[in-house]
Amino acid sequence: MKIGFIGLGHMGSAMAGNLLKAGHDVSVFNRSPGKAESLLKLGADAAADIAGACRGEVVITMLADDAALAEVAWAEDGLIASLSRGAIHLSMSTISVALSERLTQAHQQAGQRYVVATVMGRPDMAAAAKLFIFAAGDPAAIDACQPLLDALGQKTSRVGPQPSAANLVKLTGNFLQAAIIEALGEAIALIGRSGMDRRAYVELLTSTLFTAPAFRIFGPLIADGAYEPAGFAAPLGYKDILLLRTAAENLRVPMPLVSLLHDRFVRLFAQGGERLDWSAIGGLATQDAGPPRALTTSSPSPAA
Amino acid sequence: MKIGFIGLGHMGSAMAGNLLKAGHDVSVFNRSPGKAESLLKLGADAAADIAGACRGEVVITMLADDAALAEVAWAEDGLIASLSRGAIHLSMSTISVALSERLTQAHQQAGQRYVVATVMGRPDMAAAAKLFIFAAGDPAAIDACQPLLDALGQKTSRVGPQPSAANLVKLTGNFLQAAIIEALGEAIALIGRSGMDRRAYVELLTSTLFTAPAFRIFGPLIADGAYEPAGFAAPLGYKDILLLRTAAENLRVPMPLVSLLHDRFVRLFAQGGERLDWSAIGGLATQDAGPPRALTTSSPSPAA
Amino acid sequence: MKIGFIGLGHMGSAMAGNLLKAGHDVSVFNRSPGKAESLLKLGADAAADIAGACRGEVVITMLADDAALAEVAWAEDGLIASLSRGAIHLSMSTISVALSERLTQAHQQAGQRYVVATVMGRPDMAAAAKLFIFAAGDPAAIDACQPLLDALGQKTSRVGPQPSAANLVKLTGNFLQAAIIEALGEAIALIGRSGMDRRAYVELLTSTLFTAPAFRIFGPLIADGAYEPAGFAAPLGYKDILLLRTAAENLRVPMPLVSLLHDRFVRLFAQGGERLDWSAIGGLATQDAGPPRALTTSSPSPAA
Amino acid sequence: MKIGFIGLGHMGSAMAGNLLKAGHDVSVFNRSPGKAESLLKLGADAAADIAGACRGEVVITMLADDAALAEVAWAEDGLIASLSRGAIHLSMSTISVALSERLTQAHQQAGQRYVVATVMGRPDMAAAAKLFIFAAGDPAAIDACQPLLDALGQKTSRVGPQPSAANLVKLTGNFLQAAIIEALGEAIALIGRSGMDRRAYVELLTSTLFTAPAFRIFGPLIADGAYEPAGFAAPLGYKDILLLRTAAENLRVPMPLVSLLHDRFVRLFAQGGERLDWSAIGGLATQDAGPPRALTTSSPSPAA
């Protein structure tokens, strides 16, 4: 299929590579130059500008945030101006529900099609074409994108006809992971404080009832306090919590656990934790608990 | 092995049955009568009192709470008074760390041995001998109990030499499950409010990154609001959160997510929810969110 | 003094009236017409546009939110374009710290002066010229405004040389009031649930240690559940909590009580509470508590 | 009036002194000896045991906690055993609602009368006979005690016929104060982080809308971080929060702000803060916020 791909960060590069390997004809574009080289070796075309990536049936965007995508969409030579009628914008970035709804309208008015397909998985899963994909939009348009999605992930779950639903689902996915980080962080703080071995505790959890990837990935990081290098940097996790919170405010859904996570991120940043993995919020409970002390029957009474 | 078994509730009966099936010689006792009948058919002996269940190498306790176990331990004919020197109290109830520490001392002073082996799993897992078991105490004493544990669970994880460590681990396990309930509850409230199908959302989660049993068990219950009949009644979940909170207070570990869960249970009980499954706390976010409304770009501004 | 006054809502009209009564020469402007009539009777001039209100030494703005003030400031005939060099923009609206900092720069570049003087007090206090005023900015510029401030309030507290400091102080003032609302709401819920008289309880509090106006104003409203008509509408209170939260995020200060208040407002709006007084968030604890029941010694144990 | 007074700590000694000065005939008793000397000089009688303090019309208890009062009440020579029929136990300690209800029953069964009169005020207010008193119980019994209460406080508010109501009111009073501490702590953290002067900010608050004693007492302590010596030690504040929380759990009232305060105290103790004034929980937000930095327009975006 003749497609464009805009946004060649860690995730985007790995994804564009898989599309090339699957035999698609891919024009790549990235605002800051020098990101395309390895893809050119795999046979990609280097588009000179956004419009240059909009000449196929589908253009995929995989950008950092709302601002980056809005610029690509509404630039003078942007998606809205350049995509031909009937062509598809396959939007895979983690962005706000509100921006996704604005894009739904803008593409519709321009006679273009808009499909959202958000992904869960770290860059290594992207490279292995093992992403989990949540797709939403017009079923026929998703059908048209399905060969591309098959080249990118291990499974595509269809979420519904409203494109922004896939954005909301993605945001809740990151929220659930952050909730597991916080819960693990508190449990590990308690266990460590009692004098038990934190790492052995995590192994025990993940070999019994807590087998989901989030436990296996974050548990050891928190047990060891090993937050560098970041697999997913804390500011990115914070961004997603903010996007989820805004969606929840707009829909009038109080989410106290989201508020707790938010406060954890703010505290982490007050300590200069911007460069750490987002699981570092799971280390704050340990900070609060102080050094290990043996299990004890002492009461918490004032006289203690 | 010649053993006693005290406490024939849903869990205890299933467990005692598996011990009998494995060929052990089991004297059973329950304070309220009439619970032993099906076990007698499997070959159990009916002990007339606590002392009658203390004549073997090991006596297992599987009781409702601290009060019940303390009574069994310190009654005139109780465990402390009746167990012979060197015999083992294998304590499997979900009880407080503090009581477990008192029992550690009391059995030691009486020349008896005390092993804690807490379990995770609902009654159906108990019946299928598929429990996950966390054992702690003197390694030789655990070794002596291992044939019994093998008849009860799919896996025994050894937690350390201090018996109460297994109690703490068990309590954190229930905390992690309750945390997943809360997180799912908030996410499902948001999804439902946006107009998406709640059940389809849960299927999508549990078929991708959120495969742990807690997601698969509680997700559908919360999506459907199906909290009766209770698999694990809310007051029991609350009890365990209180036990964990007390342990955390004693060790001086602030756990804000535990506080949030606590407040959820209190609110559920204010509504008369005592008979519901503990996953009903996951329905409170939906109560707060009000009826579904479509995803919207409307801002949360005062003018809205 | 020859001045302009932009923004004739409940607060603005009362304030402009006091300036006229104090003998100042006031040109008034409001975007939606028909608000100026009573002021014209007091001797005000009706400015035809924003520029028309910018011909004196000082122009006061008292607008609903950031958007309204930004429009007035940067419109083609707005404050930045129209104020003469050395003239003062006396900014009295409750707006964000960030907008205030942008205005600081914009006025400086335009050779104009910018003073922030935020106010605490309801419309009746504004009418009685009893507002509390927090002023910040260049001391000489504040001196120049002092006769105006004296006509508006009972006391001007100078906060410092950076104009936005007065915005931050104002926002914390509303936060402290909202915190009192929440605390009172929880206490009154408990008292009411115990069967005691809620109103008598409030009288007892406010006649002893809790004499601050916030207790005397909000206590009876919460005790009686009397949230209409709104003295200060809930969406305005929510707006201020959002502004404070943004300021706190930018400064990296975790404020868990702000998060709790935020979640309360969202829940109130999910119930359709937009028209209620902001003290209605103090009624949510009572919702959670259920109907009164007598003080009791019953334990919170599962068996209860 | 011929009375007994049991419990000669900071508060009790000051109160007993005022009763002596008002001309009452007071037998004093304290478990640990050496506390009575200054009172003997004022004319007090030293009772040899609890029974010795129970020979008058009224015996006042002012003890540290539930355990101390329960021991005094149910000791072999304790209040229940020693008070004559119709005599009054005037219970002024800060104790649990549950214990107060047990005492209500026990005294009734013994034909004795039980009045609760809790107090608000620090030792200096006790010494100056300026306490605020909340009295509950049979009106005739309170009438009988009124001369004593008049010698102790500036005002007695009658709370109702059920004695434990006065305990609940007292506990909510301390909760409201702790809530103000937390709110002030968060506001001061934000103000300090913005570079403004914390002490000047507090003066500005307390000279305008936040005039209640709690603001004037705790604001300067938090602004200065001056938590030693303790006016009211943190473990005592924690004890009262625990008592309130238990009462709220029993009445099924979720109080999220109580949970937040609880977690603050636990964190303070994890840092070894037991010797500090309870307002030290108001310093934790400042810990989280890090060092001051200027007000800024920088966004909290991931790129920041």
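Read from first to last, the chains carry the letters A, B, C and D; within each, the first residue is number 1.
Just so we're on the same page, a contact is a pair of C-beta atoms (placed from the backbone, for glycine too) under 8 Å apart; a residue touches a chain by one contact, two chains touch by 3 or more.
Values in this document were obtained by computation on a predicted structure and should not be read as measured data.
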Chain at maximum distance from chain D, centres defined as averaged CA atoms: A
Interface numbering overlap (same over half, different under half) for chain A and chain B: same
Chain A and chain B, separation of their C-alpha mean positions in angstrom: 35
CA centroid of chain A to CA centroid of chain D, Å: 51
Residues of chain A touching at least two other chains: 248-249, 252-256, 260, 266-267, 269-270, 288-290, 300
Partner chain C, residues of chain D touching it in the complex: 97-98, 101-102, 120, 132, 134, 155, 157, 159-160, 162, 164-165, 168-169, 172-173, 175-177, 179-180, 182-184, 186-187, 189-191, 193-197, 200-201, 204-205, 207-215, 244, 246-258, 260, 285, 288-290, 293-300
Chain C to chain A touching residues, read off their complex: 248-249, 252-256, 259-260, 262-264, 266-267, 269-270
Touching residues on chain C, where the partner in the complex is chain B: 64-65, 67, 233, 235-236, 238-239, 242, 256, 267, 270-272, 288-290, 300-304
